[in-house]
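One chain, chain A, links the two complexes that follow: it is found with chain B in the first and with chain C in the second.
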Partner chain A sequence: MSPMLSSTLLFALGIGTTITFASSHWFLAWMGLEINTLAILPLMAQYHHPRAVEATLKYFLTQATAASTLLFATTTNAWLTGQWDIQHMTHPLPATLFTLALALKVGLAPLHIWLPEVLQGLDLGTGLIMSTWQKLAPFALLIQIYPANSTLLIILGLASTLVGGWGGLNQTQLRKILAYSSVAHLGWMVLVLQFSPALTLLTLLMYLIMTFSTFLAFKLTNATNINALATAWTKAPALTALMPLVLLSLGGLPPLSGFMPKWLILQELSKQDLALTATLAALTALLSLYFYLRLSYAMALTMFPNTPTGTPPWRFQSSQVTFPLAISVTATLMLLPLTPTITALLTS
Partner chain B sequence: MSLPRITRLPPVRLLSSIYHHHCQQLLLPSITPLTVPRRTVVQNEYRRPGQPKEDKWPWQKMNFGLSKGLEGIKKHFTLMKKEFSDTWVGPEGKPVLEHMLEQNRVVCEFRNPEDLEQWTVSSDREIGGQSEVYLKLGKYNTCFLYGTLCSAPPKDGETRYSGYCTMRSKQQLSSLDRKKHYDWTSFNTLHLRVRGDGRPWMISIGTETYFSHQKDDLYCYFLYTRGGPYWQDVKIPFSKFFLTHRGRIQDDQHPLWLDKVNTVGFTLGDKADGPFQLEIDYIGVCKDYAHTEEFAYELYKRNPEV
Partner chain C sequence: MTYIMCLLLFGLVVGVVAVASNPSPYFAALGLVVVAGLGCGVLVWHGGHYLSLILFLIYLGGMLVVFAYSAALAAEPYPEGWGSGEVVAYIFVYLVGVVAVSGLFWGGWYETSWVPVDELGEMSVLRGDSGGVALMYGGGGGMLVVGAWVLLLTLFVVLELTRGLSRGSLRAV
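On to the complex of A and B.
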């Protein structure tokens, strides 16, 4: 794709999200989401590979369905309440429809089935944009609406954490594993949405940083399945040493940054007398941790039997810029001590 | 290859005038006007020339018997139960450790007559040619494909070339007739043990094309058999397979993705008339760590900016 075209599409991606961030009218927010969808479609299909075309088609169909449901919900709300303001969505029916539409947009269980297939058909760079940037705009809307559907949000959250953990157990493809990881993290975000939107934002930002590191690391080592991770140590030994920690941070283990959102969410849920929900969420996080550990084992803790000791691949200077990866890995591993500062910033 | 017949047909009005006036017969008897299928890009049923016209409605061809229904229910529920129980073991019914450690996998072995049921053979007899192809279980429980190739084109006035025989695996189906794909991403080489007669064959791999609407896309490579009594181990890296559409090599090449492979096939079309035979012991996939090539062909830009 020519640089002009790809920069136009990336700019459109940015503009779409920004429009959604900046809008207070439902129509404008919907427009921003549509611009986002339409801008990423050529980026997904740019290689004209049948699998990329398949992923693009599936993504388009699901996002179009979600967008039309969203528009229907907002129109119904305008009809029932007489106004289009985002923060005044008070009628329960459009609020439910809207929540389900956004759940389909981001890939919350049980509306998550498209996400692994779509991510599997993309290259790692486009998959990164889809997993990170495309989640921002829908969450900007979810955070703004009045939480009228507490039960629905809890159900979506718990189902997502469960399905995200369970579904990832039987995968050998890294992109599908990251898709299920995304579903699980989105579940955690949605669980606490109605009690503390600031925590949802924090979880989202931490998830973006951790996923960014993971995708970039896989892109650097050109790994798309677990077996390819086994020979990653020959290509980037320092990164291979750090990646298990990044994966454990994704799993939410202390003393890594990924523990921060999980800890604060469990604390908040306990304060809201939802101890059972908190317990279930914590237990389902163990399922996700299992497959993150499996990736760590494959990457750094095991030596595969047929590793060619005589023919390691040449370690050329990587054409990929590693500076963003360095920053994001540092943030993924080292931000836990800053929890008081971050909590103070969020609550101020 | 023959051109689409619809482009060669005269308009209907002219046809009726021809029949009425019993003029010089412009149409051959085998062509039936207005019912000739058109080549379309969607996945429709294609009626091959030479085959009888379908004169029954679909529901007249179906068997609505109770026993057939019960057998179907039993078969599908058994498959569904197996799918559920396989997920408890691991992906595709094998533990993940096995997926991580395996370097060789046998995909097709021909030990029983039921294994031959997974394959379908075809030749140019379907378009009116004279080649013959048969498939049977060989002497030592191998797949024995044999027949006679004849490159005389069918006498329909349109087809210019002919003479092919092919064997292709059927689409695997899971419960409720859903497609099941092979996931060969852990491997990078196709490993065959064959015994041929010196003829060059074409191996074709078909991937999932439902969403790309290109159902005739195949990834092909050559198989040069040695002939003689000795078995031949052939290892072809998947990076060597090139994209073809309806037998024509495409300019816009891309590597074969191995996560949704549907079919494997062998085609013979070397224009050498006469008998042929190919014996296949097994078809497998393996991981060659020394092979690091991603794609063997130049991914050049066809319209570079000057």
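On to the complex of A and C.
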């Protein structure tokens, strides 16, 4: 793709999210979301093979459905309450419609079915943009919806953590595994939305950092399935040594940063007298942990049979920039001691 | 003028039946032209003259034209019109449905509910959305600029998606 066009599209991606962040009018927020959807379409279809084009089409159809539901909720809200302000909603019906529309936009269960297929059709770089950047704008809106439908949010949250864990168990393709991991993390974000939006933001930011590291690590070793991970140690030994820790951080184990959101969310849920919900969420996180462990096993805990010429690290140095990966892996592994500071920053 | 509204709404329902009865897309698009045109008439009689003009321009003159071009890419030698068997069956079922449902909403206060409230002596419509339009161009001018920029972006997106003849994303081009 010509550099002028790809820079225009990336600029449009930035503008769309910025417009949604900065808007207090529902219509302007919708426009920002549409800009994001439109701008990523050529990036998704840039390699022109049928799988990518199919993924682009599926993405466009689901996002258009979600955007029209959002527009319908906006006009219903304007009709029932007479105003368009995001932070002054008083009627529960449009609030529920908004939540469902944004759940479809972001890929929460049971509206998650498009996500694995769409991610599978993309290259790892575009998949990274779709998994991280495109989640920011809908969450900026989800955080502001009040009064939120309490039952709906908890159902969306628990269904997502369950489906994200369960669905990822039988996958060997890394992009589908990351899609189900995304669904599970979105479930955790939505579980605590009505009690502490600051914790939702914290979970979103931690998820962004961890997924960024994972996608970039897979991009560096050019791995798209578990078999390819088995020879990753010959291409980047240092990265292969750190990847199990990154994956366990995704799984939410202490003392890695991924434990921070899960810990604080379980604490908040227990404070709200929702012990059963907290237990269910924690148990479903075990399912996700299993497939993260399987990835670590394939990557670093076992040496798969290989030929003598396949094993020594004779590859040329990769031309990919590794600085962002270095920063995000450090953040993925080391941020847990900063929990009080981060919590104070987000709840101020 | 209740009679004009009656004509417009009946024509609209017949047009919708013509679209929903599943003929070939070319005939369905013709039905959509009828529906949109008469719908614009209904809008005018309810005071939304500006909205009606915009609907004509953008929906019929923009989107339906693009749809016609896209349907032409998938042209077939024997398109099914409203004379073919299956389509006639659908038309019959839908018309029966329309009659049945209109039986539910018959008489009483229903009959007078779709008459425009402000009728003038001569055939003129005014006032409906003039204030809203002024507000849209005045206070909402910034959003319109963003909207125009988004349309330009959409142009580039579509050009990039359809570039490359059959080596690109669309094999039919």
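A few remarks follow.
By our rule, the second predicted complex is superposed on the first by the 338 of 348 C-alpha atoms of A that agree within 3 Å, B and C clash if a C-alpha of one lies under 4 Å from a C-alpha of the other, contacts with A are read in each partner's own complex, and residues count from 1 in each chain.
Rule of thumb we're sticking to: contacts are C-beta pairs under 8 Å (C-beta built on N, C-alpha and C of every residue); 3 or more make two chains touch, one makes a residue touch a chain.
Everything numeric here is computed off the predicted structure, so don't read it as measured data.
Shared-chain residue A:T90: touches no atom of chain B or chain C. Looking at the superposed arrangement, the partner reaching more residues of chain A, out of chain B and chain C, is B. Contact with chain B, but none with chain C, is seen for A:T172 once the two complexes are overlaid on the shared chain. Once the two complexes are overlaid on the shared chain, A:L38 sits against chain C while remaining clear of chain B. When the shared chain is aligned, no partner comes close enough to touch A:T339: not chain B, not chain C.
Of the two partner chains placed around the shared chain by superposition, chain C is the only one that A:L5 touches, whereas chain B remains out of contact. In the superposed pair of complexes, A:H48 makes contact with chain B and with chain C alike. On chain A, the surface patch touched by chain B in one complex and by chain C in the other comprises residues 48, 53.
Per the touch definition, chain B reaches chain A in the complex via residues 87, 90-91, 96, 99-101, 103, 183, 185-186, 207-212, 214, 217, 252, 254, 257, 259-260, 287, 289-290, 292, 305. Those residues of chain A that touch chain C in the shared complex are 1, 5, 8-9, 12, 19, 25, 27-28, 31, 34-35, 38-39, 41-42, 45, 48, 53, 56. Interface residues of chain A, counted against chain B in their complex, comprise 2, 47-51, 53-54, 57-58, 120, 170-173, 224-227, 230-231, 294, 298, 304-308, 311, 313.
Listing the residues of chain C that touch chain A in their complex gives 143, 146-147, 150, 153-154, 156-157, 160-161, 164, 167-169.
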